[in-house]
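You will see two complexes here that share chain A, one where it goes with chain B and one where it goes with chain C.
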Partner chain A sequence: MTDKDLKVFIDIICHYFEKTTRHAPELKEPVIELNQFRLLDYTGFIKISGNNQGWVYISMPKGMLLDVLNCMGESLSDRSILLDSVGEIVSIITSNAREHFGAQFQISVPVTSAGKENAPISHEMPRFLLPFSWREHQAYVGIALLA
Partner chain B sequence: MKLLIVDDSTLIRRAIERFANKFQFDEIRSANNGANALKEFKSFLPEVVTMDITMPEMDGLTCVEAILREKPDVQILVISALADKSTAVEAIKRGASGFLLKPFTEETLITSLEELFEE
Partner chain C sequence: MITLHDGLERASKFDELASTLQLRRYEWAFLLALDGRTSAREIGKSLGLDDTTVLTMADFFLEQQLIVARSYSLSEYTRLFNVKNGAAPTTASTAVNGIGSPAQTRTGASPISFSLKRKPAAASTPTPTTGPSLKLKPIMDFVIRQSGGGTTGQIAAYRVLLKVPRPLLQAMKIESINFIDDNFELPNHEAYHAIVDGIKSVLNVTYQAA
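On to the complex of A and B.
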């Protein structure tokens, strides 16, 4: 994972929220996370295979997801739509990255979780964390990729 | 005119349905994967289909080919987040009439559907 690769994800995250909600996120300094996952209320995971192996995930608080859905004009707000939405958001962000990584950057359907349990990734897998704020909410994208 | 929306995300299916209401389709139905879409297509026989690519059970590009074997004149708009150019080219090669990149807005979806109708 190079600085250029991280910049690709940062640009895609900004583009996603600007385009779908008309509110730009503010990205903070990337950090490396080595131990326990910091998972928020809802998390969507995408498994990567092909030339790169690993996972990309986005973890968001419930209030942020509800605000995002509201900006999109979605009236549903139950647990099912929140899980679906966090999965779709991470799927779009990761799939957009194929423009940079190429067609060999192969993407699974999303796996979603509510709460701090059931992360499909090993805690031992080091990952880059891209913290960001959107409106008054804090969330992050995690990238655990082996070249 | 009838529209079939195919996407594994409820959020996206509902957004497409809201945005497409502008066109006053006689009926809109949806399916959450390629296999269900093919079953729905055979009974519903829509003139227009929006099709995601990355879905469980049957991917969207395989479903595009299967649908076109059933009804070669159907207009299929592939709507995917897969941003590499080869994916869009592959969709058109398999017979899709258009390609729209996610994330989309109401404006970009409407423009893409209008382009289908112009054809």
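On to the complex of A and C.
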């Protein structure tokens, strides 16, 4: 994926929130994480391959996930259900990405994690982290590419 | 480790390695002025470079196997520096600068004392007025501009950093890099050159510091 493709991925994520919840996320200044490794309560990872292999992910606090689900008419709070829910969100984003990119990129089935548990990336992979605010919540879109 | 008093010369692999290098003007000037005899300090002085910059640059070139510190046999030393066998120069600088002027001598052998030692901090922190700036922001700004700006450019900057060898990134001992931080400086020239190489690899352009 090129830099522009990765930017498209970010746009798709923003568009998802705007369309689904009617609240547009506000993007902040990105940072590159080197040794620090931040993941919030619930994270959905989308594996990408092609010229650049790695992960695009969305990490959000529990409160935000509950609010997103609330916007969609759901009221769930069980940990395993929340984990499934974040998986569903990234599945929809993945499906939108497939629609945009067509067959030229392989985008695998999403992976979810609560905190750093089961996260498919480690602190050893430098990450591009784009913080955004959605309503009163702070979340991240991350990109972790293999060098 | 190189001292300011060393006579430096280009390594045997210099021509082969140099063909792949992108260096600043004063760095080429320094490399091409090496003759194995004139001290690093004197060459630096002739180019208007301060001692710290010379040491940092020479250490980097040594690491890259571009240069070696010249050793002399006794006969070479006495011949090259006009020192009589059995006599020692009165000062360290006259003994090691060796730019062709006869060294001052005194009778009676006494050990030469080299008082100049590199300060640990100075070894990795060149003076901004003469060395390449180690500030990261101008380099990142260059990458972002080259890639069309905005988030796309910032992603390109991230991909450039991915090209920096992991041990070097870890050695920076930084948690994160903020694109708007004016003050962040790279720890050494090795990191600087790794990033410049990364720019070439990712964007296929050569970074020229302003």
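Throughout what follows, the second predicted complex is superposed on the first by the 123 of 147 C-alpha atoms of A that agree within 3 Å, B and C clash if a C-alpha of one lies under 4 Å from a C-alpha of the other, contacts with A are read in each partner's own complex, and residues count from 1 in each chain.
Note that a contact is a pair of C-beta atoms (placed from the backbone, for glycine too) under 8 Å apart; a residue touches a chain by one contact, two chains touch by 3 or more.
Computed from a predicted model, the values in this text were never measured in an experiment.
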| item | value |
| --- | --- |
| Which of chain B and chain C A:78 touches, first, second, both or neither | neither |
| Touching partner for A:32 - first (chain B), second (chain C), both, neither | second |
| Chain B or chain C, by number of chain A residues touched | B |
| Partner chain(s) touched by A:95 [first = chain B, second = chain C, both, neither] | first |
| Touched partner set for A:69, first chain B, second chain C, both or neither | first |
| Chain B versus chain C as contact partner of A:20, first or second or both or neither | first |
| Contacts of A:136 with chain B and chain C, given as first, second, both or neither | neither |
| Interface residues of chain A shared between complexes with chain B and chain C | none |
| Residues of chain B that touch chain A when the two form their complex | 8-12, 14-15, 18, 54-56, 80-87, 101-103, 105 |
| Residues of chain C that touch chain A when the two form their complex | 147-148, 150-159, 161-163, 166, 169-170, 172-180 |
| Chain B-touching residues of chain A, taken from the complex the two chains share | 15-16, 19-20, 69, 72-74, 76, 80-81, 84-85, 87-88, 91-99, 102-103, 105, 107, 109 |
| Chain C-touching residues of chain A, taken from the complex the two chains share | 3-4, 6-7, 10, 27, 29-36, 52, 124, 126, 128-130, 143, 145, 147 |
